[in-house]
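A single structure is presented below for examination.
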């Protein structure tokens, strides 16, 4: 490409800033950042689906599956973060690939709800499995990184860098992928599936590819979350409310930019953290209220704030 | 033989419970294509209101059977109030937006209402067992059943039949079916879709609240009761076919009787029955057993 | 002459309704064929069956010597039969350029090519020359949703023609177009397709258009082909005159205006119902 | 195409993220207070049964500590923890272990918490334990029951304490009670929620029964309703049809109360003997609706079992609690209060060993390790798991209705010593049960 892609530049700057900031951040900030990266990755997967015109209310399925897959490996003695995250990502991807054959036939609200139904089945299976701690879940021990076994604060510092590198690669990858023929077909499928079919390509195949991708990144997010928190349990990882939170983050971020999903996730974490802190008994009220406010008054997500800002900069009022 | 009859009775009671908690969800989905997550809140509010009214009623010296009126009154108050407030005050501004935005909005409403519930009624549970105590118990095949739970079967049949007849035999019902079939053409034909939507949402809300109001005497009305209902009702509706009232009935029967059989025969799998049926239906017929036909695109 | 499409004993029923029966057609290379018939006569059903959107109840369809029965539209398209639509099927919220870019991309990319960038200079050049050929270059950056009906129809047909199909089936290319524009539109289309040596079958209600562009006519009535003959012959066929053209058709141009237009519009509205 | 449009907002993205994450405003901890985080269920189904009573109990003790008004034996210990006022951060435990771990880190790193006294759910405790150790945070679990905490998750705890006996003690005490009071029982079955706590409770009771009464048959059809299902029609039918006369149940809160209403209406409690392991949470609230004649536990000498304990501390606690909340304190209130007392005891003792100066965290930990201190109604012996796990006496009895007092009372109460029902130090609970409970001193 002859031109410089500004999104890639922006992501790279953000990556570098965060990379350096990692060594200076307060622990709780890093921890919130880590969670935002993990949830943001899931939202990124949902964004890809959304651009294809589909919304899933069940991506806790892949988030939880990735988290449990990674966590279960620690039970049999594997602790390398690379292996765990890779396995979690892959497991969720395989599951998405299999379910994709069924789900790619559905659209709109039916697609959204069938996803939710499948996520509830996973939830039921986990609760039923006493070996995996049922509703209690189980702890995930501190990971190692290719033989390096950090202690204390270094655990989170290392994990943050680890996560940052992979989310950067994934995010830039997604952004570039969106510009390929297959990536661009998101638009085509969303706008007119019939035309896509009559141009000689399967809309369902396009959807299936996106679906597998969204499953992969959701699994990645789940595996990262399992390592970051050091715990997996069905209520926080596979419950339908978790899926709702992911859609919340996606809407909050808006469809505009791949990087926005992480900002959306961060805003979500901050709302929740402060609601928890200042209204311990009524934090759901605040969370729900913010969600409603965003839906009503910021329909295009927080990214539209940036756009508005830029527009007003460029075109001073007459 | 005794066990078989007991399974059938237990199954019917639980099916009726399932039907009562899910019918409101399916009515709203069928007409408006909205998955109303706040349905669980309607259920919870219905239960709290019912418990409050029943409690107040039995503090008076009025005839004991009047307590049942309190149940229906509670459902009506909650359903009409929340139905109108939420539909007119919020949802109607979102009809032009994507379906999933509306689902998300109802999810937000659910979060908010959960806490509003606690602001109004606090965290202590409410009891309203008087109506259940009043009806007493009856022996069937040498086993004692409480009459109140059995009346649930009757209520479910009445509600199911009423809705079905209302939809297929009345002018209003036919209008509704027209709207379900094609919103735009109905509008062009002069049907006031706005009113149809409001009425549907109110009816769905009343149904949701009635589920809670009628169940209230048999349970401890306490925080969190609405959450479970969302999952249950959603599963029933998915199994039966989203938006189909006969589907909800069949789905409820299927789950209810299978669950009762599991409890009596293989209790360790009870938890999994509903998920297993859902998985099976999804694998074989993902649109649900009674899915309404979907229109094609060209 | 090479036979490109052979349809034998094609039949389609929807429950008790017979939408098509005993359809036998042989199409030769480079033919331009007009499909006429009243609304509900089975024209679009025929196109839908050939292009794979509807599965025939029985019969046989062969394209270039191989059976294409039961293949989905995308495979039939890839083999070489494209179609356009009564209601243009375009990507409404995208620009004309992006519509065609996507059409080229999907047509050209296979395998790993799907992961190459959507936009490259060579492809953009091809899109632009295609725009020129269909004379819609002035709308290059307009959103498809804002286009006048005629331009949108052109875009729809241009997208269908991107793959340089062996056969292109046009479903009422002039419906919803004003009389003044019709001939201009058809001139553009037919000229472009002639360059590609495309075999064309198109559904048309306006007999003047049929007369001017078509060498052979298939007349449908109640799901059957009642006449398959060269144009001049077909238009005077008593069956065709009675069941297809009716009293509305006169050889004078003034008389045909309203009739043709109305027929086209009706077909546009009802076509969806017929197919569903 | 929209998605191809260059977005120059990328730089904004970078700065936005950096600004948001770079804001490192950790709250400085005011020097003269001790910040005590008290996580407990404030919302959801756990709130009425455990969460809110626990919060109430903890609050009463915290207030009294800050004012220096605790009765004996804490009456001469001055105000606060080793002289410093407690600043309590009470917050919600809902949402699952993962969310609670996140919140734990937030409280430690962002709000500068000095110690935690809280957590009710076993799931949360299990999730918190490794993190508390990692962050070196003094954490006292006053309530949660799973033995896994010091048996599997952290066998060598340094910062985590639990100030009540774990669930194994419940199962053992219940089985012993059955053996002593129902020697001729013809069999037993159970109804427990199908989640971790229900599964653990049944397993321990069943294992203890198999050891103590090996000839008594257990039902093959124990009931496992889904948690929060609220509808027990079929389960009640199945229990009534079963031949076993004794039914073990660890139901709690709304589920328990629904089960009692539905069971009472059908005469279940006249037909079967019920053994409820945590039903004390509901007895006061249910009043006359509570099934008289049922065997009850409160997971130790708490709640209704402490109704007649005649010590100044207990009498004061019951009075203040009842006056303020118009209901007597239940198990959760006692247990949470006991957890706060542990902190009081440890800080004060550490200060006295430190020459009266405010102690360091390590000194507080050393003071609590292996200590014996006075809980509200019973002595607490921190003598398991390197002095981090408490053992207390345990009590089981039969519920009755006291016509004169117009309230529920416990009858036929049997006490079990701490070393009778808790596995000896260093022994895994399940193995201890399977091995015949060797070393139990009853």
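Here the chain labels run A, B, C and D in written order, and each chain numbers its own residues starting at 1.
Please note the rule applied: a contact is a pair of C-beta atoms (placed from the backbone, for glycine too) under 8 Å apart; a residue touches a chain by one contact, two chains touch by 3 or more.
All values derive from a computational prediction rather than experimental measurement.
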item: Farthest chain relative to subunit A (centres taken as mean CA coordinates); value: C
item: Chain occupying the most central position, where position means C-alpha average; value: A
item: Comparison of B-D and A-C (more C-beta pairs in contact); value: B-D
item: Inter-centroid spacing, subunit D versus subunit C (mean Cα positions, whole Å); value: 75
item: For subunit A paired with subunit C, centre-to-centre distance based on mean C-alpha positions, whole Å; value: 44
item: Whole-Å separation of chain centres (CA-atom averages), subunit A against subunit D; value: 35
item: Subunit C, residues touching no fewer than two other chains; value: 85, 89, 93-94, 98, 102, 118-119
item: Contacts with 2+ other chains: residues of subunit D; value: 1-2, 4, 42-43, 194
item: Where subunit B touches two or more other chains at once, by residue number; value: 114-115, 118, 271, 298
item: Subunit B residues touching subunit D - in the complex, by the definition given at the top; value: 2-3, 6-7, 9-11, 13-14, 17, 114-115, 118, 123-125, 127, 129, 132-133, 137, 143-146, 148-149, 215, 217-220, 222-225, 227-228, 259-260, 263-268, 270-271
item: Partner subunit A, residues of subunit B touching it in the complex; value: 33, 35, 37, 90, 93-94, 97-101, 103-105, 107-116, 118-119, 230-231, 234-235, 238, 242, 271-272, 274-275, 278-279, 282-283, 286-287, 297-298
item: Contact footprint of subunit B on subunit A as seen in their complex; value: 55, 57, 102, 105-106, 108-110, 112-114, 116-118, 120-121, 124-125, 127-128, 193-194, 240, 244, 247-248, 251, 281-285, 287-289, 291-292, 295-296, 299
item: Complex interface listing, subunit D residues touching subunit A; value: 1-4, 6-18, 20-26, 42-43, 90-92, 95-99, 101-103, 105-106, 108-111, 121-123, 126-127, 129-131, 134, 146, 153, 194-196, 199, 227
item: Parts of subunit D lying in touch with subunit B, wherever the complex brings them together; value: 42-48, 51-52, 194, 221-226, 228-231, 233-235, 237-238, 240-241, 253-258, 261-262, 265-267, 285-286, 289
